[in-house]
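Chain nomenclature is as follows: A, B, C and D, assigned in order of appearance, with residue numbering initiated at 1 for each chain independently.
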Amino acid sequence: MQEQYILRIDCPDEKGLVHKITGVLYHNDLNVIRTDEFVDKEKSHFFMRTEFAGSTDEKKIISGLIGILPTDATICLNKVRKKNIVILATKEHHCLGDLLIRHHFNELNANILAIISNHQILQSLTEKFEIPFHFISHENKTREAHEIEILDTIELYQPEFLVLAKYMRVLTATFSAQFSNNIINIHHSFLPAFIGANPYRQAYERGVKIIGATAHFVNENLDEGPIIAQSIIPVDHTENANDMARLGKDVEKIVLAKALKLVFEDRIFIRENKTVIFE
Amino acid sequence: MQEQYILRIDCPDEKGLVHKITGVLYHNDLNVIRTDEFVDKEKSHFFMRTEFAGSTDEKKIISGLIGILPTDATICLNKVRKKNIVILATKEHHCLGDLLIRHHFNELNANILAIISNHQILQSLTEKFEIPFHFISHENKTREAHEIEILDTIELYQPEFLVLAKYMRVLTATFSAQFSNNIINIHHSFLPAFIGANPYRQAYERGVKIIGATAHFVNENLDEGPIIAQSIIPVDHTENANDMARLGKDVEKIVLAKALKLVFEDRIFIRENKTVIFE
Amino acid sequence: MQEQYILRIDCPDEKGLVHKITGVLYHNDLNVIRTDEFVDKEKSHFFMRTEFAGSTDEKKIISGLIGILPTDATICLNKVRKKNIVILATKEHHCLGDLLIRHHFNELNANILAIISNHQILQSLTEKFEIPFHFISHENKTREAHEIEILDTIELYQPEFLVLAKYMRVLTATFSAQFSNNIINIHHSFLPAFIGANPYRQAYERGVKIIGATAHFVNENLDEGPIIAQSIIPVDHTENANDMARLGKDVEKIVLAKALKLVFEDRIFIRENKTVIFE
Amino acid sequence: MQEQYILRIDCPDEKGLVHKITGVLYHNDLNVIRTDEFVDKEKSHFFMRTEFAGSTDEKKIISGLIGILPTDATICLNKVRKKNIVILATKEHHCLGDLLIRHHFNELNANILAIISNHQILQSLTEKFEIPFHFISHENKTREAHEIEILDTIELYQPEFLVLAKYMRVLTATFSAQFSNNIINIHHSFLPAFIGANPYRQAYERGVKIIGATAHFVNENLDEGPIIAQSIIPVDHTENANDMARLGKDVEKIVLAKALKLVFEDRIFIRENKTVIFE
């Protein structure tokens, strides 16, 4: 049985990169399963993702690549395996429920190590699926004190990614910075429209005819991290803000699940606050 | 041959409105073709649109309705006929071309009386379809002086609606106020995202995964009038701002045409900067 | 606290129907919450759905309506309440899981009385949510014998609707006839394309660029009952039949849930194998 | 100024193909603008499309590629230039009008050499754009005799592609075979649903909730050639067959234009009645 790998390379563009990179793989006798590449012409920057299989020495491949790539190239070589994640949620169950079902049937490409919530509402759902649930109330605490408690709990699990599955507390820049671009959030609007609180109320007040949801990486600027996936549904005058919120849930959960699949399969490059995604 | 009419009523909601209104139509022996109604529960406001046919005295219907409606009701009774319009454009041909073809084959529900543009690029296209074309350059003129020239030309035609088919000059509040809610614009973004100049460049910079177009009425606040129709297309990292602009054109022309159909068929109520539309 | 009702009327079209029907409601002092009507011009058939509230004598309303409607009108007056349902499933969890989560959080507008399956795979999931699970194997049984066992189990629960949540056995016409138009199925294709077995394989072989799912009522003709809701997702050459099946799951579960909402809220008329739906 | 080229290669998959192919380009000192590749795992078949620029000897590249590719590889090397096309139409103007506007403004990537129609309705529109129009009536002729007249006219122009822009006559297998996979048709349904005549009437009768359009290559089996692009719009009970036909027009013209762009930019491989498309 051969190991499977995903290789992601990005670097300033130059002639012959594909030829040279595939040469390293070819001469290591690896089975390339799929290759995608993209050159951002405006920035003259090269991106390439390759899935391959083989019995190989990872160090040898990396050193072969270093030998032929520009010195400022980023090389990321991962064995294919499930990612370890912790999920933060608040009161709404639709995203968490969807993830728990997928996880239970082994479709999430991740191990959910724990759920942390500032409310207890989702505890019984979580425990049906035998996942640890940590209730960490924010009441009577400063934002910083609350986050320190959360961080202490996260530390127990050493996750690679945090997933905000409708976690409705604003994170401090300090918190976000610790996991920069390893936090994935689902925002209940078609970003960058309706940044901030109550986007469905904002959408209703503005009288838009389409609402949406946006899954994105979280960085220090709230709601302004790199966008991973977006989707929309049409609405009309018959829907008030509550109706939009209800309709939006189905979009939110599907967009979040789609984004997580892309993240966990190492399909995404982040560069200058934007994503390059090989679906 | 009977005349066809469209009746639009909106007023504070109260019990029995549908019964009373349909009673007036029934007792005038009119043939109701279609009725739509909607009650905005938050504002407790009633909207009703009825298409009917009959040989009738319009005044008699109106006075019958006044008799049974709240005193602050708005009653709008129109014979079904084509609207008279003037189109403003700049350099891009996709929306204008689409409207000219529809108009030529009698599918626009409007008479295009003239095209006004601040460039000459679209003149030969327009004249193929035997529509008057007025070139009114904005160069070396204040915005106000330019608009006065445009207004003088518009006045020759006495249109009921102005259509901004990718007219790329910002209108003053003075100009807009004269035609308030009788100007329809196509904005090349998914409003309220990317208000202002170069929305495709903004969309590209933000790295969105969906772009869109918005047809809306123009009032004194640029890009902030009541939204009529929106549509979207997916994009990804391979599209730069120019690609998005090119892809967006097909969305823009279809959304504008759809919005105009709704306007010209008297399907829209405007209230508190939002639209109620019975498609 | 007033009771809420939903009234559905359909009958041959004639002048004054809306006026007369709303008159009955008005004179019974009922609070109309929402009214929708539609006239099928080709068939000259009238459809009307009204939500209202009030303390009333149902018989008095029905008899008032009978007095003013054509003799062949269909009148259906339901108190607003949850429907009782039984779900049939096989091995796939995505639709059942989605419905169980919605049900658990009181969002389904129905009581799930039991799950019946010809496999045991979904038993542990179901039991997490404390719903009875009946495993009724089809092995070594004729189709008829298997269905009789299922019918015996269904009879214990007296459900108003059967939901086929990816139940992969073909139902006999005899079975379907017993619940005609009270069975809702989710078909994993964009009907009427790819009727029958393995629609994703068929879609892959045909090289379509869009796949879909269809929720429909089941009658005697398999896959040919009245369509309730459809939705689609784009695919391309990179997706094989398995990929399409995986992608299709998210569409299937959302379309089924949407259709069930419409059914359980009494929003649907069925006539001549088609649906009229007031969303 | 360098020439631009598009190279398309497909062949049985084997190790190292990308490395070897890119090697040929690299050693000829060509500027690769973009490369896409895809391996069909089920058929073990490799597809690669490369855009490059350079001053080069085409024969040398081809012979270099032959040297490293399997013997049964298909190699297609095109200079980037506009394709020559003839359009066939009948009475409907929406697709033809859209193509004429795009052509007039140099956005079609093709030279429209002539329009051929079995009706005269579109003659004046065509002639506005100074394109030759050939009226070839089908009346009182056998299908074969009519096609021979059309073929004689087509021969005058020696087009590379025929575009059926709502040409409503069924082509014989003999005719189609002469241009096999060089004819592009727009079919007014979501194929394979509603093959044959009156698809909107069929869709209406079936009560579908979504309608669509399909652009495809034409081969000997009517409506069964390789699909290029599809798109859809939602409909409901309020739309009759005529309404669907009207709504469908906007989808048809956009899908046809999109498909033509893909064809004219050499983005498509056809294999076993399916398309591999690098958008």
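Going forward, a residue touches a chain if its C-beta (ideal position, glycine included) is under 8 Å from a C-beta of that chain, and two chains touch if they have at least 3 such contacts.
Note that the coordinates shown come from a computational prediction; the quantities given were computed from them, not determined experimentally.
Could you let me know which interface, A-B or A-D, is made of more C-beta pairs in contact?
Top pair by contacting C-beta pairs is A-B.
Could you give the separation in Å between the centres of subunit A and subunit D, each centre being the mean of its C-alpha atoms?
38
Nearest whole angstrom, what separates the Cα centre of subunit A from the Cα centre of subunit B?
40
By the touch rule stated above, which residues of subunit D touch at least two different other chains?
Residue numbers touching two or more other chains: none in subunit D.
Counting only chain pairs that touch, give me the topology of the graph as line, ring, star, complete or other.
Chain contacts: complete, every pair touches.
Touching residues of subunit D toward subunit C in the complex: what are they?
38, 40-42, 190-194, 206-210, 212, 226-232, 236-238, 240, 273-277
Could you please specify the touching residues of subunit C with respect to subunit A in the complex?
Touch residues, subunit C against subunit A: 93-94, 97-98, 101, 104-105, 125, 128-129, 250, 254, 257-258.
Can you name the residues of subunit B that touch subunit C in the complex?
For subunit B paired with subunit C, touching residues are 15-16, 18-19, 22-23, 25-26, 31-35, 37, 39.
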